[in-house]
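Each of the two complexes below includes chain A, the first together with chain B, the second together with chain C.
Coming up: the complex of A and B.
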């Protein structure tokens, strides 16, 4: 492994200049998280290939495809594919420069060739293409710079062999999209094992690679019907591992994006498998610490499901309520955003089923001391559709919301929130003035009743302690029973 | 089961002691999670009040039915049930606890599931062999063939606890279930099975270890997912321990060799991390032939993570080599790799090596140390990375035992001076902590000549933690070199700081006096230190004045009663009528002779809080 080496190419130059602008390492505390990161930003790229250290690589240059007669092209094509199986060490910027350049130009030629040529895809070409792609892209991803890699803040480590890798991906996508491509032949080579390795690559820290992978997987899902269930199942496994074991996987957003379009294509009625995926995988994904990195894609998937089958609304909302963030206000704001998206498409019959637990939560959010949470919840009252739902059910919702609203209007530290609450109270007053007056009148006595209950509870616990004490004494034989 | 019912019953019996229990049961259904949680945590009290019969027939079914709840409540429940045996009527009835625990073992949340499995493992020991077969084993089977991966994962942890105490037919079934789970198609289950493989192997008869476990081990060790393969490495340690030496070569070594060269660095990392355990498990012969080259490769691995893990094991590995040709193996095979690691490109690798490399000197003896290791120590002492240098300095005692520290002193000094002035205060702090040790080993002359200035310079460091450590360091030095040395070398310098324009430095004088007075003894304290302290009671900064009060309290016991009465008391009385409330407070504390820890402040003092705040701020600014 090399800590940092300059390499040519515009991307790399940009990266190393970013590294030099980082503050001098000596000036910062070497033991705190931040400076470890800063120091490590220097290592802008890495690559992990377990290889026998090496002698220089020699490839015999082949003629260009366009320079040979059409009849010889298929064979030359195969030869070039075989040559491109050779993998170079890009962490060593000085070795094999000539051969690296040769492979780059060959890959470029191959990309052009599969895009424009006809009749090149013989049956023998399929295994060779898959072999070349596998040799290049399948590798164990290098260790992450630190366990605390924070994708929101830290610069991702870029893949050093990208100059070749990008062309291989490009080639593979053109191959899959080629008019001559026949899935029935390709399925012998693009099999479950291939897909599994492909999915593991989604953990790559390099966003450019994940972007290509997304396209590749999408094409494969589209063209290989036999692999679809398998792909879904493996994505399931990746997510479950992510949620319950590691909390670390870089490609969650990309996989969710693909799933978004997959869900869109589900036939109705939904299979049990799909519903299980929603409830047991997508909903628990909300519990992950790094939710902000893929929340938009996740919320999109959830809404897709609900648009397909509105009866899923109740389990989804109950799931969200179960996993409602207890301490992370940022996540709470995201949950509120997602909930609004769901409410935008909710059917009134479904709304009635969950309005009580839902508005109990909203009432808690509205009275959150964190003004962004309170504000986000109060914005619901600007949503016309939600307002109409509230209005229809004001007799249920108003009593749930009233106490919090009334209290905040008197106590919240943030004037903007107080102003918003006044508007909401006003809206409720106009909606159902009789109930509103009633609640205002009973507010005080209700609070007193609550306080009394609280006191009773305290006494109960005290009594319980006494009781345990007595029992303890009895069992010690001090007080005869 | 209704709370109301219980309370009615309680009323009828005229025993109002049951009333709280009734409410507690109602609370199990409360909307507020916290209240449900409180109530669940009192579950044993509820059960005790209900008696064993009603606990079995009412409370447990109720709990089994209402298991959909917040994970936090479920976790508490899973834990409680593990200690419930006596509350349901003893081992005879312990199987009543299985249904709720079975449901808990299938929930999604890992923490809850693990706790449920832990409780199940615990109560499995309280089952009679018959109950184990009639109640417990069927539960394990149900979990093992559950639809969702969670129940199968949980099952993996239960095989080993019931296997030893069931009939051979049931044993065969259990082995079969374990086999199935090892090739489950969800990787989560395979991981769970792989992580329990070693544990399960331990309870199996040797013939089945050979016939069953080895094939499972081989399969898991070549799983398509590296997260499964690396767990097999862990199992390798227990399996190798179980097998007779002659079988190791054929049954274990091919897999272990393959793991050491796995294409995934995570697996190689695991091998490096477990290397000492593996070495002990396979014995000296295989170590010599196989593990030495494997270890060399790990030390030269292309991933820094693997090299660092292996570097960490260098000393342990060498220590455990067979004694007859240990030296030869180290000198010809290990040392060349170690030499390369000294100039590794990755600082974590160098730092890992630096933390163990000194340990090699005891293994290799004086001559080899001087000839081969010393140049490496010196190179690491000059390393650009402070952690590497620190790790070397922190382990100096190993070398000291073998060759004496003087061999190192020439190169030690520049390294120490550089660390002493490092920009990172934690590095400075670490080096201060080694000062007393170094001073002891290098002797007083060397110290006076080379290190004394450094020790005094730390007293005026801009970071409080360094000043504090420097004070403590002085105390330890005085304990080592004696009062006379203190009087001649450090006391004058410390007292000189009492006139410093910076009040923080003036306070350092006081802190030093607090620390040194005891070691310096009555005479120096009374004649030299006390006058300075008393003079400082006129300081214009309140913080200095109340520290004078604190110092006087501290050194009081060392002074004679004459000095206390004639000199200390008047000053404290003057301070007790100071305009500043904190000065007053501490002066009064000193007069009344109460001893109090430094953290205890008069609660009503806001002003004082402000002062602490300033001091904290001062520290923050300087970090």
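Coming up: the complex of A and C.
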């Protein structure tokens, strides 16, 4: 830690007293290093399944399914399902160890059974399956351990009952995917209430759980046509609440991934409902602070939309430009990446419609003092398809870009950026030489005019000063202060 | 400068220009070399001169620097058998030498920056050595007489003699056109005075000034320029400039340029090309029937009503079961 010889007393004293103690790793320039603080935390676990009473749980062990004749298996299956409705407390690591193990091996057995068996799925099984799954997974999620859980920096709190929970999810997925599964029967039990509770679980901090939920919801959406509109509507609500009210929801990336596969399957022409969703929900999602957690999935959804219906290009790009980050450079880099992906698939006729506002923004990015933003924007010129679009419209684009490119070639602090600017200017020079010459000439004459004005202003001030001096001297020989 | 002095200066320069011409035999040898040969071809030289132009423009050097650099380059190439791999070093040293003569020292770009921006592979000491070699071979004198010298003089003469205040010749435009011509090696064979006059004439014809045309003829007579020569080069100039101004742009060969980005940017470049794991769920036309769904859609459209007539949720007998399930399976397990 450097101690400056400072004339101001208290600061000097404070710094000198700090200098006597060994500088702590946590403090650099007086700011605590968040990453160091967090690294000291170990992976925490949490759960909301608590033991209510002191009485231990007793389950009568049942025979294995494979050891029982085929005729008895369906009934045994139901009994095992009922047994698995019992929920254990994993926060208390010592309780009911034997029974926990029993439930775990039963669940394992059920997973295998569902995968390989034929003819086991009777109508009575459906409600029991749904009941067992509901009992295990539907719960109020535990509150976050730390008050300021930062999804980007902190380790997530994992679900303590995962040894059972994972098998329940696994079982449910196999059940849904089974050849014998009949949505017409299942829809009585997998209804809107079920889906609603399922969606709430997406807020779980445990990424493994969210991954399974993603698969579950994806299968349900695929198989239950009658629930599709409801699911879409609920996801809308979640996103809107996320964007406009809470800015907190852990499962945005997973939901977007599901939406990606849905958008991919949209029929043409696109329904008005879907277009509204794009404009009212997906575009505003870009404004959230934690964008980096789900940006790849969001960008994928946007590009899918544009591939389905290119006429949506203009509203999408205008929307992005409207929400362009002004104070967060990390987000700006993400936006530039997404924009490049959109330009990769854009149709030339659409490009012409938005090229002016688009390149005005790119021109600003290129002259950004943040070198990563400038670098990412300049790299567009390495994209062959974008280059071909620029070439076709160089007479419009070149004048927009010229001034900032020329200026930063002289003024930017980062030499790597200057080298990239050379590449871009060279490309422009070869693209449209006469226009380039004209712009260079105008730029130079503009600069000269400015310099002249500056000089005139300075001379005017000097004249005024001289005048003031002369006046002061003449009157009484004393120069007025 | 008054008219008489200008004319005198013209004549002096005309006498001097022959000392600064590249050897015609050498230029012809370059022109006849096929590209890809072990020696320099015309295409090779032209591309390098275009690079020099880009660098001149980028560093804010004057046209004089560029023209002088090209002059030095052509003289050197016409004199020596050069391997293509040395061409960038030679051209850059010519540029640096020209800049040292023409530009103010404060505007001079240091050689390491020249090499970095020019994306060259040799070192600063290589460049210094090459400069020495070129200087020796060319008996380099600081004031070379080039087409630009003549162009400036012609321009001054034309302006001073011209009575018509309205028509003006843009010197900048003429300079840009000269630069365009110099990018083709054939123009290096022309005498600078003739080339400059050809450029002047075609610009005068473009602005359609009778007065200036007379002045141009006067200059031609004064310098004893043969008509045939002038006509020949005027044709070449016209062809070159029409190519230059054509709306068809030559596709920039940006593949030659290196795009070096920082590690962080390079990492983020490829993060978006991720293939989604979830298989596509196709939207069917029977999807949006809401008979079970009591709540209305957030943004319902009129199109919805069509599908509801197809039956409750298309799970009934309307659609044969095997077809229905098969379709779903196809996509889900793709």
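Here, the second predicted complex is superposed on the first by the 393 of 481 C-alpha atoms of A that agree within 3 Å, B and C clash if a C-alpha of one lies under 4 Å from a C-alpha of the other, contacts with A are read in each partner's own complex, and residues count from 1 in each chain.
One rule holds in what follows: a residue touches a chain if its C-beta (ideal position, glycine included) is under 8 Å from a C-beta of that chain, and two chains touch if they have at least 3 such contacts.
Predicted model only: the values in this text are computed from it and were never measured.
Contacts of A:448 after superposition: neither chain B nor chain C is touched. After overlaying the two complexes on the shared chain, residue contacts for A:108 are found with neither chain B nor chain C. Look at A:463: by the touch rule set out above, it reaches chain B but stays clear of chain C. When both complexes are overlaid on chain A, the residue A:222 reaches chain C alone and has no touch with chain B.
Contacts of A:140 after superposition on the shared chain: chain B is touched, whereas chain C is not.
Among chain B and chain C, the chain that touches a larger number of residues in chain A is C.
In the overlay built on the shared chain, the residue A:349 is in contact with neither chain B nor chain C.
Chain contact summary for the complex, chain B toward chain A: residues 17, 19-20, 23-24, 31, 35, 38, 42, 45, 48-49, 70, 108-110, 148-149, 186-188, 191, 224, 226-227, 261, 263-266, 302-305, 345-346, 386-387, 423-427, 623. By the touch criterion stated above, chain A contacts chain C in their complex at residues 177, 183-184, 187, 192, 214-215, 218-219, 221-223, 225-226, 228-230, 233, 236, 257-258, 260-262, 264-267, 271-273, 276-277, 296, 299-300, 333-334, 337-338, 341, 371-372, 375-376, 379, 381-382, 387, 391, 394, 409-410, 415-416, 418-420, 422-423, 425-427, 429-434, 437, 440-441.
Touching chain B in their complex are the following residues of chain A: 1-3, 26-27, 29-31, 48-51, 140, 142-143, 193, 196, 237, 240-241, 244-245, 280, 284, 322, 360, 457, 460-461, 463-464, 467-468, 470-471.
By the touch rule above, chain C contacts chain A in their complex via residues 50-51, 53-54, 57-58, 60, 116-117, 119, 172-173, 176, 180, 244-245, 249-254, 257-262, 264-265, 268-269, 271-272, 274, 276-293, 295, 297-301, 303, 312-315, 328, 331-332.
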